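Order of writing sets the chain letters: A, B, C, D, E and F. Residues in each chain are counted from 1.
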Amino acid sequence: MVYLTKKMHFSASHRLYNPLLNEEENLKLFKKCANKNGHGHNFTLEVTVCGEINPKTGYLIDLKELKEIININVIELLDHSNLNIDIDFFKNVIPTSENIALFAWKALENKIPNAKLYKIKIAESETSAVEYYGN
Amino acid sequence: MVYLTKKMHFSASHRLYNPLLNEEENLKLFKKCANKNGHGHNFTLEVTVCGEINPKTGYLIDLKELKEIININVIELLDHSNLNIDIDFFKNVIPTSENIALFAWKALENKIPNAKLYKIKIAESETSAVEYYGN
Amino acid sequence: MVYLTKKMHFSASHRLYNPLLNEEENLKLFKKCANKNGHGHNFTLEVTVCGEINPKTGYLIDLKELKEIININVIELLDHSNLNIDIDFFKNVIPTSENIALFAWKALENKIPNAKLYKIKIAESETSAVEYYGN
Amino acid sequence: MVYLTKKMHFSASHRLYNPLLNEEENLKLFKKCANKNGHGHNFTLEVTVCGEINPKTGYLIDLKELKEIININVIELLDHSNLNIDIDFFKNVIPTSENIALFAWKALENKIPNAKLYKIKIAESETSAVEYYGN
Amino acid sequence: MVYLTKKMHFSASHRLYNPLLNEEENLKLFKKCANKNGHGHNFTLEVTVCGEINPKTGYLIDLKELKEIININVIELLDHSNLNIDIDFFKNVIPTSENIALFAWKALENKIPNAKLYKIKIAESETSAVEYYGN
Amino acid sequence: MVYLTKKMHFSASHRLYNPLLNEEENLKLFKKCANKNGHGHNFTLEVTVCGEINPKTGYLIDLKELKEIININVIELLDHSNLNIDIDFFKNVIPTSENIALFAWKALENKIPNAKLYKIKIAESETSAVEYYGN
């Protein structure tokens, strides 16, 4: 059993805002992250899959294939988007790194042939990161 | 003469869009960077100043002081902002890295005591950067 | 269950020296790390906590709050210190990365509201790191 | 129980090629990685060992000693080599990162005194990595 | 006048070997870099161009366009190649980082529309780099 | 003419303190950097030399040779030292990054065969750096 990780990037804007709370409560809770016109990040997404090495190729899975699957299911949707407005999933879910990790897990869960999705890691800066293992 | 560089970060959203052109022309020119609801980045700002070492301190300038000057004049304005909407300078100037470098130069030009502003470097990703030396 | 990691830095000096051994034995054991007047590092501290996402905020815990807790309990004590002389914990404990990880665990163990301390990671260079999970 | 990781580098060339397949099948499977004259990488090797802290030293194991063990058993063999031609292990095993991880595990498995080999991590670029835990 | 830098990567193998010298002299001169079957690196290429900001776009030059020019003229040729065997330029020129910088300069010199090639930077590791300004 | 840069590291402790001032004035000037028992950093030293490519080797200068010269003249002196106490140069010179750059320049100035010392860069953290060109 080996674990293979592919790291990719996307750039998006978001606003942390809970629609069940009023403006003042949101500012108190999220401070400048609740600024009305949003802000943005270069997000880093790391996808880890696990499984057996295929003796024919020496690969767990071809990285080019894994990259393409992540591209189609996550990056092309989120890159250069406004998460709150452009992505349905975040209509009723606050687009924190924690929830973006859940989004990526759901988007990739049954999409990796011959390997099992093991971990999603989302970082919105060089000094913080969220990891999610599916439950 | 020594050169001292301080690196700082800000997170902002922007949309590349020339108001003198129509929607279609903007999309052709800027592609996904012109997406209607904007996107965002972690921007890196590097400020380089130059001058003589002060024999009393061994410093060109105290980094804590330089950091505070950059904070007040640039970071606090741009961090967690929507550049197009929140920053007056970008009302009629497209908020590319090139123009953000000009903005930072103007904001810092005569603000550094006992040292000369030498270079502004703006990076919106790990694989590209703009440098500006003031003319 | 998600895992949230916050990375912080502190700069400190230390000397690796076992007071139960003589000078010669210390130099044989620790080589230049036992140099009489000490040396120093930029240490990297990564704190990982785990728990459930709070639906009100989309956060496991607010990173600003986590940063403040780490600041008060670890960084403000260790930053710009001489670990051997200034920190009581290292009076009888050799200030290796291994033992600094134990120090940080004890300092943070019951201080994180609504989340469980999961891992401490200490790196004193870019090419080595110690991880501790509490037992 | 603490975990200690040492990161090292080696530069090598390789060609991904399965000798049981013909030229055309190899190019279809491995694309440019099957180019006839090979290509190369700066590989990163991270070795993680675990065990108890030695109270005499405050170390799990002296990093200089761990570095020397990794040097002798892995780096000196692989650095500046052509993996396919110069390393016997890869005569019948395709030199992917997955298989290099297995090679490093076998080379180090019983070589670390007073600590247990826990993980091997091999990265052939900044955006991908393979991890192996020994089974 | 602004300076714009684009950073790209390629993976290649090479062997440092002067055909005018014999085997022994080459090994003395280049040591393990002269190993018979070659070795390899992840090379980093940074291309810096300079010029005026275009007021229509706010760009010196569109990074996507610059990336495509570098791709066609340098990366597609060198990536996953054996520099000594696959690249004509290195038939009679030793493929050191210094000479790869000259190769990239010649390949890009008159290919950048509306901007002037200013600098080529080649790094074959994280701890060394060569810069070339065209003369 | 090409420019070649070698990056190296050393770990040292220091205390920023001007012996012509009293304790209180030093604390006001240098704040926690003047703490009595010192603190420390991983310093990064980058040495840039320039000159012509040697056609026999394709090198400006062999990096292994350059590394050895920097090692003997700078790294072995400063690494794992207490700059204030162990290094004569800093008996009457405050060991700031600015002055460490001057120290390294003087230590290397006429020591590089067949190349000219062009720049010294000293960084005591990832977010600041000093550059010195010799006058």
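Following the convention adopted for this analysis, contacts are C-beta pairs under 8 Å (C-beta built on N, C-alpha and C of every residue); 3 or more make two chains touch, one makes a residue touch a chain.
Computed from a predicted model, the values in this text were never measured in an experiment.
Novice: Out of curiosity, which chains are bumping into both subunit A and subunit F?
Specialist: B, C
Novice: Which chains does subunit A share as contact partners with subunit D?
Specialist: Shared contacts of subunit A and subunit D: C.
Novice: Across the interfaces E-F and A-B, which one involves more C-beta pairs in contact?
Specialist: Result of the comparison of E-F and A-B: A-B.
Novice: What's the rotation, in steps of 5°, that superposes subunit B's Cα atoms on subunit E?
Specialist: About 120 degrees of rotation relates the two copies.
Novice: How many angstrom lie between the CA centroids of subunit A and subunit C, rounded to a whole number?
Specialist: Each chain reduced to its C-alpha mean, subunit A and subunit C end up 29 Å apart.
Novice: When the centre of a chain is set as the mean of its C-alpha atoms, what distance in Å lies between subunit B and subunit D?
Specialist: Centres of subunit B and subunit D (C-alpha means) sit 41 Å apart.
Novice: For subunit D versus subunit F, what separation do you get between their C-alpha means, in angstrom?
Specialist: The answer is 34 Å.
Novice: Could you check subunit E for residues that touch two or more other chains and list them?
Specialist: Nothing qualifies.
Novice: Which two-chain combinations touch?
Specialist: Listed by label, chains in contact pair as A-B, A-C, A-D, B-E, B-F, C-D, C-F, D-E, E-F.
Novice: List the residues on subunit A that touch subunit C in their complex, please.
Specialist: My answer: residues 16, 18, 20-21, 29-31, 93-96, 98-99, 101-102, 126-133, 135.
Novice: Using the touch rule from the top, collect the residues of subunit C that touch subunit A in their complex.
Specialist: Residues of subunit C touching subunit A: 1-8, 53, 56-60, 63-64.
Novice: Enumerate the contact residues on subunit E facing subunit D in the complex.
Specialist: 9, 11-14, 32-33, 35, 37-42, 79-82, 85-86, 124-125
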